[in-house]
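As written, the chains take the letters A, B, C, D and E, and residue 1 is the first residue of each chain.
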Amino acid sequence: MTTCAKPEDNAATPAGAPGSAFLSVRDLYVHFSTEDGIVKAVDGLSFDLERGRTLGIVGESGSGKSVTGLSVLGLHDPMHTETRGEILLDGQEMTGAGEKTLEKLRGNKVAMIFQDSLTALSPYYTIGRQICEPYRKHTGASRRAAWARAVELLGRVGIPQPKLRAHDYPHQFSGGMRQRAMIAMALVCDPELLIADEPTTALDVTVQAQILDLLSDLQQEFGSAIILITHDLGVVANTADELLVMYAGRAVERGTVSEVLRAPQHPYTWGLLTSMPRLESDVSEALTPIPGAPPSLLATPTGCPFHPRCGYPAEVGGTRCEDERPLIGPGRGSACHLSAGQKRSLFIEQIKPRLG
Amino acid sequence: MATPEGILPSPRDDAAPAAAGEALLSAEGLTKHFPILGGFPFRRKVGAVQAVDGIDLTVRAGESFGLVGESGCGKSTTGRLLTRLLEPTAGRITYRGEDITHANRKQLAPIRSEIQMIFQDPYSSLNPRQTVGTIISGPMEINGLNPPGGRERRVRELLETVGLNPEHYNRFPHEFSGGQRQRIGVARALALEPRLIVADEPVSALDVSIQAQVVNLLQELQRELGIAFLFIAHDLAVVRHFSQRVAVMYLGKVVEVGDRDSIYRRPRHPYTHALLSAVPEAALTDADEEGGGRERIRLAGDVPSPVSPPSGCRFRTRCWKARERCAESEPLLVRVAGNRVGHLTACHFPEDPTTAADAREEAVVLDPALRGVRQPSSPSGV
Amino acid sequence: SSGGGGGGGNGNEPPKGPDKNRADNYSLGTKADSTGPAPEVPGSKKGGTVNVLQRDAFTYLDPAQIYYADQLTVQMLYNRSLTSYKIDEKGQVKLVGDLATDTGKVSDGGKTWTYTLKDNLKFEDGTPITSADVRQAVERLYAPWATDGPLYIPQWLSGEGQEFRKALPDGPYKGKHLPASVLDTPDEKTIVFHFQQPHADTPYAVAMPNIGAVPAKGGKDTGKNYNTRPVSSGPYKIETLKAGKQLTLVRNENWDPDSDPIRHQYPDRFDIRFGVQEPDSGRRLLADRGSDKNAMSFSNAVTIEVGPSVKNDAGTTSRTFNEVQPYVDYMAINMRRIKDKKVREALAYALPNGQILGQLGGPNAGQIAGNLLAPSLAGWKDSDPFGKKAKPNGDPVKARALLKEAGKEGQEIVYAYPNTTEYQKISVVVAQALDKAGFTVQKKEIDSNNYSTEISKVNKKIDIHRASWGADWPVGSTVVPPLFHGRGVADGGQNYWLLKDAGVDAEIDRIKGITDVKTASGEWVELSEEILTEHVPGVPIFYNRQWSIWGSGLGGVKYHSVYGTTDPTGVFVK
Amino acid sequence: MWRRFKRDRAGVVSAYVVIFFFAAALLAPVISWLYGKNPYTTYGIERPGLLNEFFYPAKPNGGIDSEFWFGLEPGLGRDVFTQLFYGMRTSLMIATATTVLCVVTGILIGVTAGYLGGRTDYFLGRFIDLLLAFPSQLSFVAFTPVVYALFVSPEKETPTYLRVITLIIVMWALGWMGLARILRGQVLSLREREFVEAAKVTGASPWRIIRKELLPNLWTPLLVQSTLMLPTFVTVEAGLSFLGVGIIEPTPDWGRMFAAGARHYENDITYMFFPGIAMVIFVVAFNLLGDSVRDAFDPKTKR
Amino acid sequence: MLRFLVRRSLGALVIIFLICAITFFLFFALPSEPALLACGKNCGDPALIEQINRNLGLHEPVPVQFWHYVVGIFAGRDMEVGNCPAPCLGYSFNDSQPVWETILDRYPTTLSLAFGGAAVFLVTGVAIGMIAAARRGTATDKFFSSLSLIGNSLQIYFIGVIAMWLFVDTWGVFDRPEYFPLTENPAKWFGGMLLPWLVLSIIFIANYSRMTRSQMIEQLNEEHVRTARAKGMSGRTVFFRYAWRGAIAPIVTIVGIDLGSLFGGAMITEFTFTLHGLGRLAVNSVTENDLPMLMGVMLFSCTAIVIANIVVDALYAYIDPRVRLS
């Protein structure tokens, strides 16, 4: 219910008994070592998710959304990645868990829909077979039953003639069909936690709607929790319960969907909302992106990582934005030095009109 | 099949102010069938995926031509055909009046730098063994472009333009996030400053802010350099924002084409209606919440397969207005009564732009798979 | 001993033990010597299987085609010829009657030879062996396919070269026979050869395996195909032959020991495996485990890979021998190209025999040769015209002096050798030695498959090359004529030195006419010595040695000094 | 890439070893001069007492002493130490040249066949089949003498450089097909990848696509195969020299030394030891180096 | 696929014919004289040589001989030794055995050696490669890689002899290598071939282990392998099914080539272990100028190589569905 999280620097205060949330991520750090240095892809992220709820994650491209998803499944290569922090799934620690434990959970209790569907599907096996496999493994179903299940799911995600197309190889599918195959694969075991990394970007809106309905169907039926990573605020608005806005590997704002979308508190969120094209907007007007360039994760700006692109450090005053890292409190909140009042008034005065 | 009437509006008829250019790239009766091989151990052709089945379209100089449609309806295939990556099964492609349908590499050489493509799947279109710098400077090298300040500087500029850090110059594709990869693809296409870019979902993986940035960039390019776009996308809002003319495809066919306003405001084809109705919108304001919830049309029935498309009108199996005639004869892509000049629709029973919504309401059949899941909030409607 | 001395280049010890391969060890046996049974081998037992490890598969089992040592050896087990060699433990070799009662009766000034068959001779199927069967054996040599074996007898009967075939173009297969004036079988037991010229060597010539018995009746003689299944007249018969892989011999129950003065029938069978490389057989026999305990080889030698181990293992002395073979290795000089005798002499002095032999295994592999005849030839005399025994590594000083005398310092020598590991190394020492002597050497390696073809071409562009020769029987008549007669100057001939000297030819023809073997033998030896010193057609390098080892489970293994191999006729399994 | 490589310790060590081998081969004459012996003199048979009756070194351990550091060669009694370095010189030169030729041919033919496909592929493929199935080794054995006869007067020694060239050509003709087939197979699937399409759209010529797009993705089989190829050629060359197509005495040759050593192992293990150990070290180091370079070329393996 | 097979089979026939023709003309026109090897010590006699040449059928012009040869393969032919039924490859110059039968007699040995050896080196090589890939960069990786390479740098004739000496002669853990027909006594067949297999594979292992290692490393980094892990596939499945599948293609290529050449006989191994396969036959026929045998062996081995390559190419399409067969 409540999207509660604790301030990153305040590890001592537990926000609710451990295990109360279905998934709870605490102080997650994921660092990659590269030629150029350490990439801090996720830099102190915390969130919780209850069963039957959907958490939307939006944010800058490259802000660590997919990496977070992968961490939950423990899919990073430990040799090249440093993962710190705590990920509790249904009371079970995931970060330190052995491969065997993780194997049993993956695809079964937790499933993930990958972003890049062509490369994420094996070119060597038919779509049907790839969907079958986790089902057989986790349910012990027979080959035939599994195949039937795969065909059923392909049908449900809207692949025409699923019986026939199940025999196809990924390269014979269109982009959207691959993505749907990917979704079918994730759903085949009715997972309790589904991490959907941009599940509908390659889909036309009608199919998208169908897929989103399918996801909520799953949620209703099995009380699954869903993490929906997306850029489409429209999708989030219609599907998610809670929303987490990420920037440079951190959460900058969180709250329920309507809270965040209707009364956003963080300048980055404002930027997102204002840069969104809408069906009704005036086409002659250029879109208004957030000024400046995304931060480098090699050398994240000091203090508030958003400050170089933010229009309001002056309102905060001094060099606080440059020096001090803003914290995000549990529940509804945002990581910004602006005071609550300032946030409200700035939004209502400057931002809301532009959303028209 | 395309009929003489089905040929897209010629520039003379065109009233759209933004795209005043002449035909840059046009296709007539463009068709692509992929053979399906099956059987063991001897694979034979057992059928064909009719991915693109006789479409006509024209992209004019300097315009952005949007292509939307069902996923799997053949948009990417069309893009590939137009860039001559695929050999068409039938049809004709002309670029600036020149027939390039079967041009070989040598003949294509001069225009290669003029037509570029942004690929739908960003990762697989990037060579995993090349650094970003190499990937983006490659096209310049091939075409002998020597921008002032050197190629590397240009690449860094491009990286910055698409919102990537110039310091990423020496990184490999697998080190990027999905959106970043897509931007690399965009940068690569821009490197040559082409006349036409076939952009297959260039912004779908970008967050809205970057998306805005990229769309603005593309728009700027279009405006200032006169680059034309074939803009394939699912995000109708973006298409509307960026494209002057829009074509809607369904199962290998163009079902409706016209200029932006007329397609979005006065759609005539039922499928276009369905599409527009399904766009999810963030309810940003209270007003949105209350009145903004447009009714979503749910398409019933199984999605037909491109292997054996329905007879007649291909949309009929899911259309609430389908009648016998729809199964018998294929509707031509023509200007139906009430359409503006240049707005063509392939439908026997086009929707009335004003009354369509009402008529639709009764005919909406819920997809059995979705029944009872999430009822439309209220059918109060428009 | 007369053949002794030798030794390697470094003054190393030659193999010890009495040298059995000496001319005075050879004699013609009497009728008594020719009657069986063969004297019991001490300690012999019946039964068991003897495993034989051979490198090369036997190309021929058909006695008509057999000419090489390994096949000569195996045929002793299943084939009997008119005469054969009887070898006692001391190494005394006697030529005795085998199928025949004695070594033959001569008449008509040496032109007619009469042989009488013993009683109780039977083929493996029990049919008695008659003179018709011997005639069959001789007459089949006239068939066009019979090209590989020795052709002395048919040529003596019907004409030199291939001329003889005209006398009976299809052999005996179309019902025709040689006229009685040529080959007569007056009765079942008698066979008479009427030669065109006198041939004192006849007792030896009929010891060749093709002058034996081949069933004339019963369609057993299938001509060329007889090769796969010759009918046995000896103590063993062929059980199975897997061409190229394996040959098994089992007892021939129809062989009568009392008729055979040479052979025994101790083991139940011989299991002969082909394709065992010499180092392998050496290692296996040295290791002496399992079935290899009862193993031997007819012709595989102990090579240098295992030589030192065999030598250092005191336990092997009772199961090895190392004997001189009737084969001589020499360096032929192309007399058509090196016309100056002085230069040839210089070559002769320069060549480093000891070093050459060293690359092949040293004194255990051979013995430095002083002349061109093997010590086993009747009447052989030790001689060493080029001082090889004193200076096994050559005498560069003397060679240089001779070369200077001839005014040919820096003379270019084209030296050809087969392209094998050993001969590559030998080429190094040869070139080095010739260099020291003031020659300029051009080494030409020749693909070893074609080596023999190349060196036997008359117009070869070669000055010196290695060659070797072995006598068919221990008389100079099988050495001197083929090697030195001008007739041999032909492509494919063995007159490698291309010596064509009227005097020599005349002398050869003269000695051939001598009807007494003993006299002739002496004359052959003298002629060869004369040729060597007068013409210097080549340089003797060494006499080959056969170093054999067998498993500890075998007894009665001895050396067959005529064939230069291990004699299986008295072998038994302990 | 370079940085990635430097971090691989085994790779760096291997690189040093390989460099050492090549340097030693190049500097063989210098080494020999410093050491005061040469690989041609037959010390053993010139000085009595060094070899025994079998012509094996008389002293224990293959005749190792302060004079002959690695002992003497059985038979001819030459100095093993200098022979080894000169032998490496011959063998490495030949093997390197052959490897380069084979790799270049393999790439050219394999990648061309795979990339162009269709008829080109068919005919190149059949050509490769033909060469693979052709009893080339036998033919070369049979025909090298004929070829030598063409170039060299029958009365003159065949010059070593001619042997070297022939050998290189022979091994080249025997050796490139495997690599070509592997590359062809890889390219067959690579050319269907989207990034190749992406390059085509920019107007890249097939040649450029091969060079810039495909080759970097072929490093793996290329390095693995070629690093294995080079040492293999050293031994193949030894084998061919037995068949009569190779480098013959007295030119020192490493491969031949090793083969000869293997023959005499029972009686003179020392003679096999030095060339053998050198060979093992070289093969292992060279291949590990190949693996490390491969890893360094792979942007996804990080250390 | 059918078209592919037809096209390739036609190509194969052409290749085999070409090779046949080339070899025939090369070897039959070579300055070597087979007659000289069938004349014992009588070679100085030109008439005899002529006789032998007539016996061997070598007196005719080479093209005519070739024609007879080709006809003989399909229709059999009457030869001096007797009738030779199709497929007639003639009779050995050396021991007059029918070539066809001799080869058929040797082929089981060669096939046993090839398949058994291939099984061993494939399994071992791939296993080592996989271990190395799974633990890449570690000491285990280097150790196993080095181990397989040491094997590679030693030679069969050396390891074979040592192995025989140790395992057969000294310890007696293996039977002395010998071929027993598989159909008669599988246990003996296995026991007799085991050591040759092991030794034969030693020099091949390195190639496979290194190829496997590097291909596997590459594949393990692929996104689709990550997906497989995300599906909960066990480490083993991911490794052996998903990654391995992508790594297989070049390995199949080398297997094809190696097997092809092994089908033509493993010369050194056969000599080392005293086995009678095609390799020995080939060598002997060369040293003995036994042209019919040489041609026969060659025909067999080149057919095997060509077929192996067709199989490999056909396999590509199944291994990687993206590859189009044409």
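Basically, a contact is a pair of C-beta atoms (placed from the backbone, for glycine too) under 8 Å apart; a residue touches a chain by one contact, two chains touch by 3 or more.
The model shown is predicted, which means the values in this text are computed figures rather than measured ones.
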Fewest hops from chain B to chain C - one hop per pair of touching chains = 2
What pair of chains is linked by the most C-beta contacts?
-> A-B
Per-chain Cα centre nearest the global Cα centre, belonging to chain = E
Centre-of-Cα separation between chain C and chain A, whole angstrom | 93
Length of the line joining the C-alpha centres of chain A and chain E, rounded to whole Å | 56
Chain centre separation in whole Å, for chain E relative to chain C (CA means) = 39
Return the residues of chain B touching two or more other chains; collapse runs of consecutive numbers into ranges.
-> 121, 123-124, 174-175
Which residue numbers or ranges of chain E touch two or more of the other chains?
-> 31-32, 137, 161, 221, 223, 286, 320, 322
Provide the list of chain C residues touching at least two other chains, using ranges where the numbers run on.
-> 279, 448, 450
Residues on chain D engaged by chain E in the complex (per definition of touch) | 8, 10, 117-118, 121-122, 125-126, 128-130, 132-135, 138-139, 141-143, 146, 177-178, 181-182, 185-186, 188-189, 192, 220-221, 223-225, 228, 231-232, 235, 258-259, 262-263, 265, 272, 276, 279-280, 282-284, 287-288, 290-291, 294-295, 298, 300-301, 303
What does chain B use to touch chain A in their complex?
-> 34, 38, 49, 51, 68-74, 76-77, 120-124, 160, 163-165, 167, 170-171, 175-181, 183, 200-201, 204-213, 215-216, 219, 234-238, 240-241, 260, 264, 274-276, 278-286, 289, 296-299, 302-308, 367, 369-370, 373-374
Which positions of chain B touch chain D when the two form their complex?
-> 80, 83, 85, 105, 108-109, 112-113, 115-117, 119, 121, 124-131, 134, 138-139, 142-143, 172, 174-175, 185, 188, 192
Chain C to chain D touching residues, read off their complex | 8-13, 279, 304-309, 311, 355, 358-359, 361-364, 393, 412, 414, 419-421, 424-425, 427-429, 432, 441-448, 450, 461
Mind listing the chain A positions that touch chain B in their complex?
-> 32, 34-36, 39, 58-63, 65-67, 115-119, 155-156, 158-161, 164-165, 167, 172-177, 179-180, 197-198, 201-210, 212-214, 216-217, 220, 231-239, 258, 261-262, 271-273, 275-279, 281, 283, 286-290, 293-294, 296, 298, 352, 355
